[in-house]
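First, the structure itself, so that you have it in front of you.
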Amino acid sequence: MDAATWIAAVSIFTAGLTIAIGSIGPALAEGRAASQALQAIAQQPDAANTITRTLFVSLAMIESTAIYCFVVSMILIFANPFADLAIEAARQAAGG
Amino acid sequence: MDAATWIAAVSIFTAGLTIAIGSIGPALAEGRAASQALQAIAQQPDAANTITRTLFVSLAMIESTAIYCFVVSMILIFANPFADLAIEAARQAAGG
Amino acid sequence: MDAATWIAAVSIFTAGLTIAIGSIGPALAEGRAASQALQAIAQQPDAANTITRTLFVSLAMIESTAIYCFVVSMILIFANPFADLAIEAARQAAGG
Amino acid sequence: MDAATWIAAVSIFTAGLTIAIGSIGPALAEGRAASQALQAIAQQPDAANTITRTLFVSLAMIESTAIYCFVVSMILIFANPFADLAIEAARQAAGG
Amino acid sequence: MDAATWIAAVSIFTAGLTIAIGSIGPALAEGRAASQALQAIAQQPDAANTITRTLFVSLAMIESTAIYCFVVSMILIFANPFADLAIEAARQAAGG
Amino acid sequence: MDAATWIAAVSIFTAGLTIAIGSIGPALAEGRAASQALQAIAQQPDAANTITRTLFVSLAMIESTAIYCFVVSMILIFANPFADLAIEAARQAAGG
Amino acid sequence: MDAATWIAAVSIFTAGLTIAIGSIGPALAEGRAASQALQAIAQQPDAANTITRTLFVSLAMIESTAIYCFVVSMILIFANPFADLAIEAARQAAGG
Amino acid sequence: MDAATWIAAVSIFTAGLTIAIGSIGPALAEGRAASQALQAIAQQPDAANTITRTLFVSLAMIESTAIYCFVVSMILIFANPFADLAIEAARQAAGG
Amino acid sequence: MDAATWIAAVSIFTAGLTIAIGSIGPALAEGRAASQALQAIAQQPDAANTITRTLFVSLAMIESTAIYCFVVSMILIFANPFADLAIEAARQAAGG
Amino acid sequence: MDAATWIAAVSIFTAGLTIAIGSIGPALAEGRAASQALQAIAQQPDAANTITRTLFVSLAMIESTAIYCFVVSMILIFANPFADLAIEAARQAAGG
Amino acid sequence: MDAATWIAAVSIFTAGLTIAIGSIGPALAEGRAASQALQAIAQQPDAANTITRTLFVSLAMIESTAIYCFVVSMILIFANPFADLAIEAARQAAGG
Amino acid sequence: MDAATWIAAVSIFTAGLTIAIGSIGPALAEGRAASQALQAIAQQPDAANTITRTLFVSLAMIESTAIYCFVVSMILIFANPFADLAIEAARQAAGG
Amino acid sequence: MDAATWIAAVSIFTAGLTIAIGSIGPALAEGRAASQALQAIAQQPDAANTITRTLFVSLAMIESTAIYCFVVSMILIFANPFADLAIEAARQAAGG
Amino acid sequence: MDAATWIAAVSIFTAGLTIAIGSIGPALAEGRAASQALQAIAQQPDAANTITRTLFVSLAMIESTAIYCFVVSMILIFANPFADLAIEAARQAAGG
């Protein structure tokens, strides 16, 4: 079961690393946008509605890159095509 | 039990690394947003309600990327599909 | 099945790394653009329409580089020509 | 007892690294929020109550990411499922 | 099929790395240009047309360096001359 | 006594690294908070009491992340469950 | 075909790395120049013609360093003199 | 005496590294706090007493993280439980 | 043909790395000079001629360091004296 | 004398590294405090006495972290308990 | 021809690395000096002559460090005394 | 003479590294203090005496950390106790 | 000729690295000094003579550290005492 | 002559690295001090004498750390006690 083990180990390590590294950028970017929105509200309270709306659209857009990473991470753990092939091959070898 | 050991070692290392690296970005981003909110309140005390509400929504959004990392970390420790397969295979080999 | 295993392991690792690293730049850039847009709205509320429109076009342009990475990442997992060749070769060797 | 040793070594190393790296971000973020709160109090002493309250809620939120790391670190040392399996296996092998 | 495997593994890894690293610079640069354009519009709404036109030409120019990376990445996956040679040689060796 | 040696070496190295890395963030954060408090006192001497009280609560909160690291470091040296298991196993092997 | 494989692997890796690293500097520099041009137009709309002309000449000059990298990258993939020698030698060895 | 040698080498290296890395953060933080205190005295000479007192409490708090590192460093050199066990085991092996 | 292969691999890798790393500094420097020139024109439109002339002389001077790298890169690929010696030696060995 | 050699080599390397790394932080911090003191004297010459006294107390406090490193460095060279044990063991082995 | 190959490989790699790393500092420094000169001309057009003359002398001085690197790089490729010795020795061994 | 060679090699490398790394911090700190002193003299020429005296005391204090490194470096080259032991042991072995 | 080859390879690599790394600091420092001189001339054209003279003395002083590196680099290539010894030893071994 | 070769290789590498790394800090610090002196002269031309004198004393003090590195570098090349011992031992072994 050596091939499947290698692929599993690489998948686990990559899944964790992907979401870990992939959350740095979006988090910092959301923090920047949110902090600027708060400053903008303090500076121009009358425009709070426009600012909040623009903020949430932007946060959603930034969050999307974190979600790409989360999706790839989940695919690698739960729907990994290479791992499926390797496990199937290992089963056939064991059953053959 | 070599395959399961490898997968366990990689899972443990990845679980810790994921939440460790994954907490840097959100923490810094929350610190930035919170610090800016405090400055905004000091600058415009009348808008404190709007600022606090926007701050908490933003903090929740930023926290979500840390929670992605925590979820992946917990999955790797307690619900790791690769580890389950490897442990089951090791048991069958031991029982065969 | 050694060749296919190597290629699978490299593909998995690269797919995760690509989207993880590739999301840092776009996320930070979108955060910067969005934060500046919020400041601009606070400074000049009358130009909010022009600013928002320019912001969304810019976000789409920046997002495109993240999408390049996501596309390459998906190709490596689900439509990898090298992996197809290796798997086919492994099947022929097993069936030969 | 080779498998259990490997897992123990990896668990120890990861537990320490997790809390060590995981304390950098929250500490810096708390320092930033606290320092800004002090500046805000100096700038607007009348709003000290609102500022202090918002500060403590924010510190608790930021501290939560450090606590995620501490929890993972404690799990790896005292409630590690992989280590339990490996130790049990080693005992069975020794008793068999 | 050892030579083709090596070349495939290197091609996959390089393709991912190329677009991942290659998207950092352009994304940050586009974010900077876009954020400055938004500030410029807020400062001088009358010049919005000139600013927007200059912005889009600049974004296209910056995007070009990301496209160089994307082109190289696609060539390495789908039109790699070294891989074609290696695969052909492997087929001849298998058919010889 | 090979297993216990490995675990001891890893525990020693991790204990030192944990407190070393783990003291960087809190120290810098406390320095920032303290320096800002001094500036705030100079700017608003009348609010010195509120500032000092908020400063000490914040310092205690920041210090807590350093104490997490110190606790993990002490556990690894003086109450390491893995090391206890390994030493006990080594004694049994020597006495068997 | 070992020599040709090594040279091919190195060429592929270098080609990708060259354009990936080589696009960071020019992209950031173009972003800086473009962003400053937009600010200059907002500050002095009457000089927009001179500014735009100087901008485009500068962008072309900066782009030239990215093109050096692209040229070297293309030479390494499609017109690599070392690879040609190695492939020819491998063919002669195979045909000898 | 191989096990004791390994543990001794790791202890020496870790002891030095711990205090070396662990002195960077506190030193920089103390420098920052002290420099700000000097600026505060220059700005508000009348509050010199409050500033100096707050400074010394803060310096003591920051120094505490350096002292954690120094304590761990000294424990590793002069009161290392793992080293004691290993040396005792080596003596028994030599005397057995 | 082992010696020539090594030299070829090192030459290819170095040629790419040289121009890739060597283009970062000049590109950033040109971006800085150009961006400052644009700001200078906006600030003092009457001196646009002197500024543009000084800019182009400076850009040429900065570009020279990029050209040094490009020259070394081209020498390593197309006029490498060590490679010529190694290839000649390999031919004599083959023909001897 | 293999064990003593290893320990000696590690001690030498660690002693140098400890004082080298450990002098960076204190030096920079003292430079910062001193430079701020000079600025404070220039700004408020009448408070020169208070400033100089506070500066020297702070410098002594900061220097203490460098002295921790120097102490550990000297202990590792001239009073290393592990080295003493190893040398004694080597002498006994040579005299036995 | 093993010795000569090693020396050739090291010379090629070092020659490229030397000019690549060695061009970063001078390029950035020239960019800084040139950009400041442009700002100075815009600020004080009457002193353009003195500024331009001082700029060119400074650029020449800075360029000199890049030229040191270029000279060493060329010496390593075309006038390498170690390579000459090694090649001569290899010829004598071949002719002996 | 293997042990003495190892110790000599480590001592040489460490001696150089210690003074090289150890000169970065003090040099930068002295540069900062000196530069601030010059600015302070320009701002308050009447306090030049106090400033210069405080500067020289501070420079001496900062220089002390560089001198710690120089002392350790010289001890490692000319008065290394481990090297003396190893050389003596090698002589006895040679004379035995 | 193995020893001489090793020494030659190390000398070549070190010579290049020394001047490459050693040119970064002086180049940046000269750029900073020159850029500040240009700003000073623009600010105070009457003091151009004093400024230029101080600039050239400072540039010469800074250049001296680059020249130390160049001298060491040249010594390692053309007057390396270790290489002379090794080459002489190799000749004697060949002629013996 | 193996031991002497190792020591020679390490000495050469360390000598180059020492002066290369050791010139970064002093060069940058001298650049900073010199640039501040030029600004100070422009700001207060009457104090040019005091400024220049303080500058040269400071430059000499900073240069001293570079000279420490140069001295160690020269000692390692021309007066290395370990190398002398190793060469002498090699001669005795050859003459014995």
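Residue numbering begins at 1 within each chain, and the chains themselves are lettered A, B, C, D, E, F, G, H, I, J, K, L, M and N in the order written.
Note that in this section a residue touches a chain if its C-beta (ideal position, glycine included) is under 8 Å from a C-beta of that chain, and two chains touch if they have at least 3 such contacts.
Computed from a prediction, not measured in an experiment: that's the story for all the values here.
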Which is the least count of steps on a path of touching chains running from chain C to chain G? 2
Between the Cα centroids of chain H and chain K the separation in whole angstrom comes to 44
Could you give the separation in Å between the centres of chain H and chain N, each centre being the mean of its C-alpha atoms? 30
Computed distance of Cα centres, chain M from chain A, in Å: 47
Please set out, as single numbers or ranges, the residues of chain G touching at least two other chains. 11, 13, 15, 17, 19-21, 24-26, 28-32, 35-37, 39, 41, 43, 55, 59, 66, 69, 73
Which word fits the touch map of the chains here: line, ring, star, complete or other? ring
Ring membership in sequence, chain H leading and chain J after it, reads H, J, L, N, M, K, I, G, E, C, A, B, D, F
Chain N residues within the chain M interface of the complex: 1-2, 4-5, 8-9, 11-13, 15-17, 19-21, 23-32, 34-39, 41-43, 45, 48, 52, 55-56, 59, 63, 66, 69-70, 73, 77-78, 83, 87, 90
Residues of chain L defined as touching chain J within the complex: 2-3, 6-7, 10-11, 13-15, 17-22, 24-26, 28-33, 35-37, 39-41, 43-44, 46-47, 50-51, 54-55, 57-59, 61-62, 64-66, 68-69, 72-73, 75-76, 80-82, 85-86, 89
